[in-house]
Each structure stands twice: as C-alpha cells, then as structure tokens.
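Look at the two complexes coming up: chain A is in both, with chain B in one and chain C in the other.
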Partner chain A sequence: MAVKKFVVGNFDDEAVLFPAVKKVRRAGYKIHDVFTPFPIHGLDHAMGLRDTSLHTAGFIYGITGTTTAVSFITWALTVDWQLNFGGKPFFSLPAWIPITFELTVLFAAVGMVLTFCYLCQLAPFVKKDHFNPRSTDDTFVMALECTDKTNEAEVIGFLESIGAKEVKVDYKETGWWLGRYDKDTKRFEKKAEAVH
Partner chain B sequence: MSIRENFVVPKRYNTIAISLMVVGILAIVGLYVTSGSKDDAHHQARFWASLLQNSVYFLLVVNASMFFICATTLAWGGWQMAFRRVPEAISAVVPVVGVICAAILLAITFGGQHAIYHWSDTEHVKHDPTLLHKEGFLNKGFFAVATVLTVVLWSVLGWKMRQLSRSLDNEPLKTVEERRKYIWKNTVWAAGYIVVFALTVMSSLPWLWLMSIDAHWYSTMYSWYTFASTFVAGMALIALFVVFLKNNGYLEYATNEHLHDIGKFMFAFSVFWTYLWFSQFMLIWYANIPEETVYFKPRAEGAYSGIFWLMFLINFLAPLLILMTRGAKRNYGTITFMALLIIFGHWLDFYQMVFPSPMTDEKGVTHVPMILYDFGVALGFVGLIMFAVGRALSKAPLLAKNHPFIKESLIHHT
Partner chain C sequence: MALLRYESQVRPPLVDGSKDYHQVTEDICRPVEAKPSRLWWMGFLISVALLIFGIVSVTMEVMYGTGQWNLNKTIGWGWDITNFVWWVGIGHAGTLISAILLLFRQGWRTGVNRAAEAMTIFAVMCAGQFPIWHMGRVWNAFFVLPYANTRGPLWVNFNSPLLWDVFAISTYFTVSLLFWYSGLLPDLATLRDRAKEKWRKAFYGVAAFGWTGSTKHWQRHEALSLVLAGLSTPLVLSVHTIVSFDFATSVVPGWHTTIFPPYFVAGAIFSGFAMVQTLLLVTRKVLALEDYITIEHIEVMNKVIVLTGSIVGIAYLTELFMAWYSHVDYEWFAFKENRLSLSSPYGWSYWLMMGCNVLSPQIFWFRKMRRNLLVTFFMSILVNIGMWFERFVIIVTSVYRDYLPSAWSTYYTPTIWEVGFYMGTFGLFFTCYFLFSKFFPVIALAEIKHILKRSGENYKEKMDEVEEETTEEFGGKHGHDHGA
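Showing the complex of A and B:
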C-alpha cells in the first residue's frame, strides 16, 4: 500500500478519450489506468495492455478437476469400497464421465471467478481509492502516475491540449484496505509520505 | 486500390480436381471389379457400402454450408457476410452430389442389396416381427419419396437463398425500408430451409439412410449425432476454402477475426459431437440390453475398435486440445491441418457407421475391408467438390457488397 501522486484527466467523451490515450502513449507518459463508465472495445489494445492469462489459469483448474474426479472415483470404487453395479466392472469409466465433466467445469468456473476477484482485488469489505466517483456514471478518467522528475504543469497542459475537460494533481492510495468509506480517512492524512 | 472481386480458377486447381475425380472413378471401377461384380451378396454389399458411405457423407457435408447460411441469416447475424460467398459456393454443389447420392441409395434399395438394407427384402420382412412393425417407415416407397423429396427441397431452397444473395450484386438497395424488406425476405426463406433441414438431417433422414443398415437396432440420438458430425466437417470445409482464397489473395475483407469465429465453430461442434456420441454410447452401455449393445459390439470392442477409437481421438481430443487457444484459431497452418483432420475423422466416423453390419458374414464374423479403394472413392468425391466449388466461386463476386449487414462484418472483431 502506498499513496502516490497522480495527474488525473477527466474526459466527457469516448471519442475524445480514445485518441487521447494513443497520444499520451506516443508522448511517452505512463498511464496508470483508465476508468470508464462502460467497457470500450479496443481500449485495452490502445493502452497496450497484454492479454489476460485467465484462460490459462482456467485450463489448469479444469484439468485439476478432471484429475481429481477420475483419481478419487477410481480409488473409491476400485480400491477402497468396491461396489457391484449391475455386474459392471469396478473400473467402469463411462459411468464416471458425467461426474468428471461436472467437476472439470466446477473447478474451472470457481477457480476462474476467484482468480478474477484476486486479480481485480475484489472481495467483501475490501475498499479502494477512487480517482473520480463519476467514472461510474458519465466521466472517463485517465490517471498518469508522477515520478519525482515529472513536471506537473507540463503534463496538465498536455492533457488539456488533447481534450481533457478537467485536469488536477491528486494523491491517491493505490492499494486496498479493509474498512468503511465513510469513517476511514487515514489515507488522506498520509499525503506527505507520498512515494515518488 | 481495387479489390479482387472475382475468383479466377487457377489451372493447377482444376488439374488437381480433375485428377482426383479420375482417381475416384478408377477406384470405383477397381472396387466394382474386385467386389461389386461378384455373385455373392457380401461382396456386392462391400462395393455399395463404400459408395453409400462416401456419397451420403459428402452430401451432408456440403449441405451443412447451407445450414450455416440459413442459421446465421435467421439469427440476423452479420459477421459472416465477409466470406458468405464461400458457403454459398459450397452449397451450390448440393444438387450435383445429391443426384449421385440419391441414385446410389435408390440403386441399393431397388437393386436388391439386402445385405445393406435388410428391410428392402420384402420376403424376409414377412417373417421378421421387428421389421414388420417398422414397415410403415422402412419400405421402398417411403424411402424413395423421402430421398428424392429431400434432395429436391435442399437444392431448390438453397438455390433460392443464393439467388436472393446475388440479386443485390448489381442493384444496391436504396432506402432503409427496402433493406428491411430484403432482410425479412431472407429470413422467411432461411426459416423455410431450416424447417426442411430439421425434418430431414436433424430428425429422420439419417435413420432412413444410415441407421436402417442396422434395421433391428435404433437410437433416437442417431440423427443429431449425424448432424453434428457433418456440421463440424462442413465448417472445416468452409475454413479450408476461406484459407485457400486468403492465401491466393482473395477475400481481403475476411480477416483473422472471421477465421477465429469459424475456428470456434469447429472447436465447439467437435465438443458437441462428442457429447452426442457419448450420450448415445453411455445409455446403451449402462442399460446393457443385448438388442441395443449389438450395435457397439463390433464397433467398440470387435473388429472395428481400431477405427472407432481412432476417430474418437481425431474428432474429440485433437480439436479439444489443439483448437483450444486463441492463437491456434487464428493460425492458417493450424486451421488447415485441423480442418483436414476433422473432415477425415468424420469420414472415418461414417465408415464405422456404415460398414460393420453389411460386413458381418453368415457365421457372425465381422470383417474390416478398408483398402486403398475406399480412400480412392473419397478422393473422387473430394475432387468433384473441389471442381464444382471452384466453378461456383468464380461465377459470382466474392463479396456480397450490397448486403445491408456488410459493414457489420467488415468491422467485426471478436
């Protein structure tokens, strides 16, 4: 957890934001993140984000489920507690396929949801700092992280020149914390300790 | 920059297609000399079974293209417009293969090939209570009418869909109202085709053409299973032609995004096929009733077990593992390889559907007669499809540029 300094630009149009993202990247600024009220096709590509590895994780969870189901049922029905179902062999794979399939789906689905929550830092009671609450409503927010070499005035000027309606310098907590939005104000007190 | 709108059939393409057809004819002649012309029923059945398997398989595969067109039309989908002329060209082959297939099927039924269609032996049916019960469905008249009607309806409705698509090439629609009307007209005709398709391939036709080879056995899953088999092979065929045209500098507007979606169809319907295959197998395996397991005995355990499990490997595990990633579905090499593999895999599937029953002799021993001739006959049909699709592709522009949904397809992105 660290409080950092940002230059935050607010845009009111997707059509302005999109070229702005490209211009900011071309100018060499580092985009911390862009917050939009709705998903924008191709924005991840414009921001240069890499493809998610969530599918790979899903595949691994899936085969874990397959292995779990097949090995457990095999052990239970052929070693631990042999049962005779209508004269079928103890090792009767076809009957286990539906359960294997279900467990594969279950492991993959639950695993991917939990991984997704972990990657997005989503959980009950987990709180995060917002750059602009209106980014859930009608404002497109682009946050640029500052270093000790950043000339804020220049960045503000640049963002305004590419169409940002309202630009300001702000200190924000980048990590998450447990607590309540209305009572927890500690994060605002530490502004002086901001990491550069 | 002008786009290459019209496909010009390369000379080499036609040479290959014609030589494949010659190979096919030679194989059929060879097969006729070695088995078809013999006096006993089992040798003759071996000849006709090969023709039956290949003609039905390739007819259903090319017909799957028209199903793809109609299903996407009915769903008001726009993404396929960039390459829609490809399935249109493939479906233009339906009347040709359809006539061949119908001729072969009627020759088997009326030519007294009882080793293939037991039920066509009227003398035998009189003493066979099971077949006597099924006589209302399994009789020569019904078979002939259903076969001819099906091929005619597929051809006519497919022709209507293609004609609707081509009617716009030279006269763009001017108003929104006209475009709405055009989409509605397409929807109605596509719905008509889908109904015919549902009543034939999806429900009853594979029972008549293929399942009745094992006349005493039945499975309600069979037609869906056949449909899944041919639809995934049909998508593979579309993918092959799209990749071929892309590699030759055509179809500028069909991008990796479109190929990705075709790849998704190949992947998803391979899994769907397995689902149906397994559902049919597991219920019969579980209930273990002799009159039902008789179907799987020669296939899963007997003489055909090699082909049976090989085609399971090709049709399920290979697409599942190879086509799973995004990169694989966007790679021309992988898609081409998988498309060929899938088409071959489902051809094997049809092989094990058709052959075991006619190839069981009086002593109950099942033979696997697969020799090079079988592949030769298949190559003949491949050559015919290649030749006819190439011709159909060259007749109309490759882009349906005046279709109201064309823009949706050009900016399509998965």
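Showing the complex of A and C:
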C-alpha cells in the first residue's frame, strides 16, 4: 500500500486554529483534515467542506418507513386477511397512525445511523489513525498532505508562524481509511523509510 | 292366531314369565299402590335436600351475583403492568434531557445527559420484561411480531393499542440506544487513545468504531445528533401516549379518559427526573464529579420536578372533576368509592399517591429546598414511590371492582414471586448502571468541552476582558473565503 507524507501541526486552542485554517488555505496548501476533540461549529465551512446531506437521507428513510407501514397494514388488513371488528371499515387509517409514526422514526433513525457509519467508515474493529492521540483530548491537529514538490521546511515554518505549537512530518498508509489505529503508531515511520 | 309382526325364533323373549294382560296390570300398578319403602324414603329425602340446596344456591346467585360462584377474572393486570408503566415512565427523562433540551438549547443538559440516557435504556429494558413475561407462554412471545407465519396467515391486530405498544417500546429502545451510542463514540475514542493496558486498548478500540475526530465526521455527527434529537422528541411523547392508550381506549371506569396521554407523559417526565436525581446524587458523590453535575443542575431538575408534579396534580383533579361532571355512574363510582374513600380497600393507595406526587414536591418552590441535596434525595425517592402508586391506583382500583359486583370480594395482594420479579428488575437496572459507570464516561466528554469556553468557571471570570463572540459568529467570520 502506498505511503503518503504529511506535515502535521498541533494547535492547543480553537481560537488560534480558525485563523490558521484560513491562512493555510489562502496560502494554497491542501488541508488533508483537521482532527478536533469536540465539534467546532463553522470549522467545516472554514475548511471549505460542503454541507452534509445526511438530513436528506434521514428524510428519505423516514418516508420509506411511513410508506412501508401504511402499505403493509393496508394490504394485511384489507386484502390478505380481513378482520371484522364490530363492522368497522377494514381500511381504518386513524388506528394505524401510531404504528406508522413509530416505523417512520425507526426507519429514519436506523437508516441515518447506518449511513453515518458508512460515510465515516465507522464500525467495530475498524482501526484508523489520526496522527496524534491527544486529538481526542485537548489538541487540534491539522494535517497537510505533501506532494513530491512540497518543501517540507517551508510548510513547517509556515505552520509554526500561524500558531502551531508542535509541527512534524508524518507518514501514513493510504486506503479507504487513512492509515490505521494501532497499538504502536510509530510502525508507519519504519515503513516510510522503505519508500525514501 | 294372526301375528301382527313376525318375530324371529332366535331372538330372546322381551317379557319373561308367562304373563297375561291382567298380570301385567297387577305387577306394574303394585308399587304405586303400596306404601313407599324405607329405601325409597332415604333416596327421596337425599334428593330433595340436594334440590333445596340447589334452589338456595341459585337464590344466592340471583341475590348476590355470579361472584357467589367465585367467577372472577377481574385482576388480569396487577403489579406486572404497574411495574411496566413505572419503568417506562422512568425511561423518559433521558431522552427528554438529551433530545428536547438539545432542541431548546439548554446548555445544562450536557452535564447530565449521558448518564440520563443510559438510565433510559436500562429502564426501558426493565419495562420490557413485564409485558413479555406477562404473556405466560413466553416462548410464543414472537407472535406479537407481524411476520409471514404458518397460522393463517393471521396477522397481528394492527388496530390494537397493545400492538402499538410493541412498536412504540421497541422503536423507543432502538432509537435511544442509537442516540446514546453515537454520542458515546467520540468519548470512547478518547478512552481508547488514553488506554495503556492491552485489554483497554482492545476494548475501547472496538467500542469506538475507529472514531478519529475528523472535521467532516464531526459535521456529520452534529447533523446526526440534531436529527436524532428531532426524531426522539415526538418519539418520547408518543411512547407514553401509546402506553396510556392501553388504558384510555378500553371501557374500564377510571381508564376511559382522553386526558390520559398528556397526563401520562407529564407523569413520566416527573418520575424520570426523580430517578435521574436519585442516581446522579449518588454518582456525582461517589465518582467525585461535583464540578460537572453541579448544584445548578440539581436545582434546575428540581424545578422540572415541581412543574411536572403540579401538572400531574392538575391532571388528578381534572379526572376527578370529569368523573363527577360526566354523570357516568360507573366512572364516578370508581373515583368516589374505589379511590377517594379511605374506608374502601385501596383508598390508602390513592392518598399515598396524592401525598407523594402532588403535595410533597411543592416544597421545591423554595430555593433553599431545591439546593438541598439531602432533601432532593429524599424527595426523589418519595416521588418514585408516589409514581409507582399512581400506576397501581389506576390499574388495581379500576379492575378489582369492575362492572360485575359479584367479583368484588377479592382483595388483590401480590405473591412473593410477583414482588421478586419487580425486585429482579431493580437488579437488572442497577447491574447495568454499575457496569456503565465503571466502563463508560458518565458525562458527555466532548459536549462538556464544547461548552467549556462559554460556561467554564475560569472562562466566565475572564469574560469581562474578552470581546463577546459565539463560535458560530467566529466560524462565520473566519470561514467564508472559499476562493482563497
């Protein structure tokens, strides 16, 4: 598997990170990703990420649930097996509203969570790497992807100038997930030496 | 001699002895004309005695009803359904805190939502036990699911509130679990990254699903949380509404009322918050998390308790008024004789409910009481006892005297096994809670960090010096130069 080179800057304050993201993008560097311990509203826009369509997916799943419930109950009680409840109409929609509602919510919730896990590639036993374990604690980690033409020293100097506390060069495997989380993150550096 | 009909010689004679017509008359009239024998008198008197006993019995039945026969099927729901509704009610606070308060942008929810959500899930697990084991033939429990079966195909009755309950409770459990666990992912990742022991790395590595904290992932995570909160809000209201339909759509006096859905939902929030108080007062003390679950959290939850307790109180008075105002004899009887009357077998439970749920929470109008941990703890227990008795009153006082006064003689008391089952769900609940509080972060870590700069004490002190700016504004200012 190919190994990619990154310049990784660590920030200890989101108030420094915001302008840094802006400056990095203006300077024309490609941000691979920013890893943060908690959600920072507006950072996605600052990085130029498009809005997520997860809401739309949730809506579609919900409608699917509604349709499933109404059409299935209609078929079961009016076509397949008509049950006479005191002469009431077979098609008794008001009595089906509770189940229709529940299935709408169930389909939307389950569908959205599965979609979320699929899009983010999250699942049990999936291992990923995020450059700095402290990015789930108190550090905001910005990873810039390097090409053959990248002048590492220049990028490192630039990141330091915009407030990064600790900047280093890192190598990660590529793939549908980036690298992998493992007990020893250093093993990727050994692999990287082979590429050099 | 001309025979009227030929009789075969091989058949045995039907009249033995050589009888003529007169002899036949003599033989058959003799017992009627003679005095009755001693044997006859004995048999006759026994028969008459039995007949008289029968007439007296039927007279008793006409006078006092079929209950004289102990025909009695009044109490089909006892502790089991009481406990079911009680646990489901408790399971409402978590989703209320995490979903509704998220939509209302109540910052204080971050301190308590994770533990409250866990509590919700465990409470719903306990609640689910009761209808399942109440089925009796529990191995047929899957009959409640609408699947293509070999019985007809006979579908489940989609028009029945009991089936609505199946869908409501299972959906509620699933969605609460997904909401809770998706919120836990980032915090589990934190534990994974801090882990030093091998088993910890393995355990949290699996549990965290490979969460990295990537900005795109956070963006989707936020969208997911918001939509799940939006879905959970009507869901949590629907669940206890549907539970109340189990009662409200029946024609049992005391159940057949339209006030039940809002009344049940308010009661659920009331008891749920009481249980949250009970658990968190202990949790914050034992785990030394007083800085996160602060006295402010306790106070604001006590405000919710006094509000919902008063709503429940108004509901009690409204249904009482409606029972009287409706002029329905059965309805009024259920309230006046079965509940209000202290001389009736269960009158005490109605007044216990009133005292615990309506009167006692009123002390939370006083700030000093709201901020007193001991009073809060005592009240939280009292409220849950009261809310248990609310369900007991609704169920048992309505069914132990139904339309058929013949069946009234029974006084329902639970058996040791009924009580044991209830105790067992406490075991389930607290076992889960102990495991949760040991292996999972009881406070939403990422969410606390998210509000830290807004609401942290050290940051609040600095606020005077800092120019006020929300993160949204901040992001907006620095974020919209895509072409750069």
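In this section, the second predicted complex is superposed on the first by the 171 of 196 C-alpha atoms of A that agree within 3 Å, B and C clash if a C-alpha of one lies under 4 Å from a C-alpha of the other, contacts with A are read in each partner's own complex, and residues count from 1 in each chain.
Convention: a contact is a pair of C-beta atoms (placed from the backbone, for glycine too) under 8 Å apart; a residue touches a chain by one contact, two chains touch by 3 or more.
Keep in mind the model is a prediction, meaning the values are calculated, not measured.
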### Task
In the superposition on chain A, see if there is space for chain B and chain C together, and answer fit or clash.
fit
### Message
Looking at A:86, would you say it contacts chain B, chain C, both, or neither? Reply first, second, both or neither.
### Response
first
### Task
Could you look at A:41 and tell me whether it touches chain B, chain C, both or neither (first, second, both, neither)?
both
### Message
After the superposition on A, what does A:105 contact: first (chain B), second (chain C), both or neither?
### Response
second
### Task
Identify which of chain B and chain C touches the larger number of residues of chain A.
C
### Message
So in the superposed three-chain picture, is A:95 touching just chain B, just chain C, both, or none of them (first/second/both/neither)?
### Response
both
### Query
Regarding the shared-chain residue A:171, is it in contact with chain B (first), chain C (second), both, or neither?
neither
#### Entry: After superposition on chain A, the shortest CA separation from chain B to chain C (Å)
5
### Query
Can you pull the chain A residues that chain B and chain C both touch?
41-42, 51, 55, 95, 98
## Note on the structure
Within their complex, chain C touches chain A through residues 146, 152-155, 157-159, 161, 163-164, 167-168, 171, 174-175, 178-179, 182, 185-186, 189-190, 192-194, 198, 201, 205-207, 209-224, 227-228, 231-232, 234-235, 238, 242, 245, 446-447, 449-450, 471-472, 474-476, 478-482, 484
### Message
If we count contacts the way the header does, which residues on chain A are in touch with chain C in the complex?
### Response
14-15, 18-19, 21-22, 25-26, 33-49, 51-52, 54-55, 58, 62, 72-73, 76-77, 80-81, 83, 85, 92, 95-96, 98-99, 101-103, 105-106, 108-110, 112-113, 116-117, 119-130, 133-138, 177, 181, 183
#### Entry: Footprint of chain A on chain B - complex, ascending
278, 281-282, 285-286, 288, 324-326, 413
### chain A residues within the chain B interface of the complex
41-42, 51, 55, 59, 86-88, 94-95, 97-98
